[in-house]
Amino acid sequence: QDAEKKIIGVSIPSATHGFMGGLNWHAQDSIERLGETYPQLEFVLSTAGDAASQVSDIEDMMATRNIDALVVLPFESEPLTAPVAAVKDAGKFVTVVDRGLSQDGIEDLYVAGDNTAFGRVAGEYFSENLEPGSKVVVLRGIPTTLDNERVEAFQAALEGSEIEILDMEHGNWNRDDAFTVMQDFLSKYPEIDAVWAADDDMAIGVLEAISAAGRSEEMWVIGGAGMKQIVERIMNNDPQLPVNVTYPPALISSAIEMTALNFVSNAPMAGRYIIGSQLITPENAEQFYYPDSPF
Amino acid sequence: MKPDLHTLGPLIALIALIVLGALLNSAFLAPANITNVLARSAFIGMIAVGMTFVITAGGLDLSVGSMAAFLAGIAIIAMNAALPGLGENWGTILIGMGVAILGGIAAGFLNGALITKARIEPFIVTLGTMGIFRSLVTWLADGGTLSLDYGLRTLYRPVYYGGIGWVTWPIIAFALTAFAGEWIMRHSRFGRHVEAIGSNDRVARYSAIDVGRVRLLTYMLLGLLVGLSTVLYVPRLGSASGSTGVLWELEAIAAVIIGGTALKGGRGRVWGTVVGVLILSLIDNILNLADLVSPYLNGAIQGVIIVLAVVLQREKRTADER
Amino acid sequence: MKPDLHTLGPLIALIALIVLGALLNSAFLAPANITNVLARSAFIGMIAVGMTFVITAGGLDLSVGSMAAFLAGIAIIAMNAALPGLGENWGTILIGMGVAILGGIAAGFLNGALITKARIEPFIVTLGTMGIFRSLVTWLADGGTLSLDYGLRTLYRPVYYGGIGWVTWPIIAFALTAFAGEWIMRHSRFGRHVEAIGSNDRVARYSAIDVGRVRLLTYMLLGLLVGLSTVLYVPRLGSASGSTGVLWELEAIAAVIIGGTALKGGRGRVWGTVVGVLILSLIDNILNLADLVSPYLNGAIQGVIIVLAVVLQREKRTADER
Amino acid sequence: MTVLALHGVSKSFGPIEVLHDVDLALDPGQVHALIGENGAGKSTIMKILGGFLDPTEGQILLDGKPVRFSSGPEAEAQGIVVIHQEFNLAADLSVAANVFLGREPGGLRLDHKAMRRDTAALLARLDTRISPDTLIRDLSVPDRQMVEIAKALSRNARVLIMDEPSAVLTHREVGTLYDQIDRLRADGVAILYCSHRLDEVAHLADRITVLRDGRVVRQAMRGEMTEDDMAAAMVGRELQDFYPPKGRPSPDPALDLQGLSVPGRVHDVSLTLHRGEVLGIAGLVGSGRTELAEGIVGLRSATGEIRVNGQKVAIRNLRDAFDSGLAYLTEDRKEAGLLLDKGLTQNLTLADLPRFGLWRLDQRAETEALAHATQEFDIRAPDPAMIAGKLSGGNQQKLLLAKTMLPDPQIIIIDEPTRGIDVGTKQQIYAFIRRLADEGRSLIVISSEMAEVIGLADRVLVMREGRIAGEVTGKDMTEDKIVRLAMGVSGEAA
């Protein structure tokens, strides 16, 4: 009925772990907000559990919802490249979030965090704050390309610092898994000076395992992505959690907002926006504290 | 093909879903949407047809999702490896297809042999191989994604997206598999023996049926169909990773049971399985059509519909058998 | 408790694993590690004991992992809600425990009633409720994590970490559950009825056993045990989310079958289940303690060990039964 | 010229030897009957001949040459076909599919038409009305047995081994079975026939082998042994007064039915069972006797009024029936009677567990109950720890009887009490039934063995098509009268 009505499709992975949960929350939050502000915009949100169903979601949006723009956080880069390219070829506006497609130049707008920086910033903090000869353990995420990028950057940043990585295991961005893995690391290594947990959900599990083993004094833990409970503890100068590295789930909000602006303002949006990973320290922690977010 | 309550029930559920979809959105019945839904049902669909045989013979296979991921992985590796020698042509792609199909048969043989020769419970064997296949593909991909060379993918793409008008190849392949499956179940000696084994394997053995061989064949048939569906899956996404095909096994088993095949074996309904697969894909499609309260509740709505779909087919036990 | 091949087999596998672990790493037999492994096994362990009854009666429950997540979620919400009124004390925590336990019984009742009253296949019912519970907890947590108030957590924490010396409460609870389960299966009327129903439900019905009621009770018992294990789970990390308890159902079912209970019902072995649970936790523990080729291959090694553990118990058919 | 023979065969299950040095020869065109008490080893011999078991010692001779069959199908390939005592049919498959299982005609595509046609022809030969498309699970027990026989007939056997084929059949079907046996004999088939019905052994057998405790005790040719001789040889003593004397029921009604109907099966049945009475119910297969019994005890939903000792009772399920003092012994031993994969104690006490403890089951008391039952019902179990499925057929029936009697019911409905029971034990069971009645209990005995109903019951009701077709008492209790009522033929005997 309303010819001016524009439909924006948003396709993101479902909330299978804390970070994605935060991202889901921010996506819904900004859709609600923008929907109220701009009545001429309509949003379609779908969440997918794997790459294939995400492709299906996008096909459905094209076939049945007749979207004008697509905001997509690809579950995986490779499989989503061709389907998103097809959306672009149909003349729609495409915003890609966080995980780049494997072909350049498809999307109009690219909003992303920086996985390399995420690993590097953490790694640099380790090499600057640990004595040479210190021993660390690493909890990795779910085996994925982005996990690889982070870990490689972390390792690269430690190079030459004579800090020894004792062990790495997958904690799958999951508290329980991280708890189990950390308990076993603690049994296995009598000396651990620091832990990189690569994600705050895992950091929670790791902290619990350490405190249960009564070794809280021995080591500190760096997580990542700025979960509110962790940020709160940094604000309170918790010695076990000196800093954190951001990878804000709110970047989806920026992406949706910019896409919306493309339709409601006269300024066409385009380009690449990389939101770098920053170090959260007790001094700046307040800026990164979102008490309402579930993450 | 005599319709009975077990196939009619899910059929009614399917029709109800179609009506619901059409009411929610006029685009639902558009050819493009129908093509989409049918084509994407093809993977699980072909696997579920194979699963119907395995379950009818009293078996189970939890490894099919991981197996699909693994087969897609090795097919991609094979094609990428053959590319420099053979070049960007159908020969290379045929090698990939061959690897997927032969690999599928071999994987099915592995499952079947462990179950029939080493006599281990199917649940345990396939839980084990599920972990093994999934690990292997993650390891092959080094934790990331295995991608098919871009040129090859462009060449290969029409195998998923092309076809005869609206009827794309996956739909054709699914339909052929379903017809062949139904025919084999109803009209072939193999199908008859599969049902007999699932119904009572001692009786089958006493009737000179080689129970082990028939069981093994059901797993190999399933492996073959997993391989075939991989052949269609690879051009769709052009990649494989540790998260490919996650939970396909549950979907395939659910489709089989929704379709009226008993989990304890003995009674195979291939048409029912096809209907079950369509029901499951339609639920997803309809959830995307409608704007729901919260996407977090998708899973709940899905769960409710699955249960409702089966309520329609539940055995109407006569009062005698209360 | 007469030992037979079905319980001896997994026991040998367990001992082999312990020897392997001790050889690989001297820390393996340290009390701290043993406490860790046993305490972690408790959740799946208690659930698996309940699952033994469900499977023995010829049923199945795929929803337990999601149910645990859901129960943990509502227990946390209840405690946080009661906090302002009641304050930071055991009263509040008891409310949370009550919610988890009663919620578990209610959830088990839901599954059981759909299966016995609406007569839907257990696989389908619990696949449906699995989706429903998982969705609900994600929705309650708004996609994120539900966290217990910090003060309450500190109070509640000893329920997981405390105990009598090395023997923490989860270990005690698991041991008591196992003893009670074994006792019920072997020495109570209920256990006898459960085995009879799984063996042949028609014979059970002709023996004046209320088959529906007993089946329903197995699901409620399982729900209760899921609730109890939630009571122990919540103090560990003080949180619940959509990713809590993922795949617990498969682990619990695998433990039951590794332990020698037949998937088709009729033969329940609670001790076997306990051994199965320990085997599964030990595999994880050993994989973490040992330095392996690639962590990507953990799943593969796990798969191989699970299959091997069961090879030991496979049924030796006598020549008479050919 | 002997086709198939056993020479010095012994068989042990574990440490227990159940056959000792057995010699047996089957000749073409002869019916060889194998008789013996329950557990004597008849089925074991048949399984050895059919290739389903290996002898521990001794030889199987086929056409005079020693053979070893590695499986039943291998023996069948040599023309040796067995009808097992246990049903050997796949319940989810149709009749036609079962008859042709493992040797389906047709090329790539099964020849459904031929299978259906040939099955229909076989069934017509057996004079039954079973449709080839019916699923086995929907057939009654006797009908299943007819399918078994049809299946065996379709095999073109040189040697046909039948393990109690008539045990679950009724009068009419037994007649067609005899006709088929005569035809096969004329065709030169060698037949080994096992039965507890001595009249039919006398009628059919060209040669008789008597087995006792796993040993051949006597062999004889047709006419050399009377039924009494057979019974004496089997049991090792003379049997006198096969049926106990009739009783003197009191006039008090124990069970009173008014207009009982089971939808679609039983219509408007009214009857009175007196205290101390044994009431026989006769009828053809499918006349609804079982349904009536199951309707009374709450296993099927029924309408109508039931009074026990004059008190109106509501029986919604078997538990209610138990509480009113009723008990029912099912005719379907394998599927509804016993848990074949469970131990004897577990089976014995299953329906009456509260007796053995409110919370903890007293396993010692259970073991004692088994010992007691073993004695009282003469259950011959080589090993008290064995599973019920390994008992011989007749001993399973005795275990089932013991299980039914355990709760000490006042009104007992027994459906086919002596299926597969040997003469000696039959006599014991009859005496037992009569003793129960004399003690003031009341019994309904459903039986397809006419002689049994007549010999045992004080009064006989005949059912036809779900209704009571009539009642016979006293001197009127003759086979002829009952058959006429059952078939609905009016008038006097021709």
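Worth pointing out:
Think of it as A, B, C and D in the order they're written, each chain with its own count starting at 1.
Everything below uses one rule, namely that a residue touches a chain if its C-beta (ideal position, glycine included) is under 8 Å from a C-beta of that chain, and two chains touch if they have at least 3 such contacts.
Chain-to-protein mapping (UniProt): B, C = ABC transporter permease; D = Sugar ABC transporter ATP-binding protein.
Bear in mind that the values here come from a model prediction, so they are computed numbers and not experimental data.
Taking the definition of touch as given, a chain qualifies here only if it contacts chain A and chain D alike; those chains are B, C. Remark: chain B and chain D have CA centroids separated by 46 Å (rounded to whole angstrom). The distance from the centre of chain B to the centre of chain C, with each centre set as the mean of the Cα atoms, comes to 29 Å. Centres computed as Cα averages put chain C at a distance of 45 Å from chain D.
Separation between the centroids of chain A and chain B, computed from CA atoms only, is 33 Å.
For chain C, residues that reach two or more other chains under the stated contact definition are 138, 142-143, 242, 296, 298, 322.
Under the contact definition stated at the top, the residues of chain D that touch 2 or more other chains are 52, 71. For chain A, residues that reach two or more other chains under the stated contact definition are 15, 24, 28, 143.
Of all possible chain pairs, the ones that touch are A-B, A-C, B-C, B-D, C-D.
Interface of chain C with chain B (complex): residues 62, 114, 118-121, 123-125, 127-132, 134-136, 138-139, 142-143, 242, 250, 253-254, 257-258, 262-264, 294, 296-304, 306-307, 310-311, 314-315, 317, 322. Here chain B touches chain A in the complex through residues 25, 27-28, 30, 32-33, 36, 40, 43, 138, 142-145, 147, 150, 153, 157, 233, 236-239, 241-247, 284-285, 288-289, 291, 294-296, 298, going by the rule given at the top. Against chain D, in their complex, chain B makes its touches with residues 187-189, 192-193, 195-196, 198-200, 202-209, 266-267, 319-320, 322. Only residues 13, 52-54, 70-71, 299, 317-319, 321-322, 328, 330, 335-342, 346, 350-351, 353-354, 357, 359-361, 363, 403 of chain D touch chain C when the two sit together in their complex. Contact residues of chain A toward chain C in the complex are 15-18, 20-22, 24-25, 28, 140, 143, 167-170, 174-176, 179-181, 183-188, 201, 204-205, 208, 212-213, 229, 293-295.
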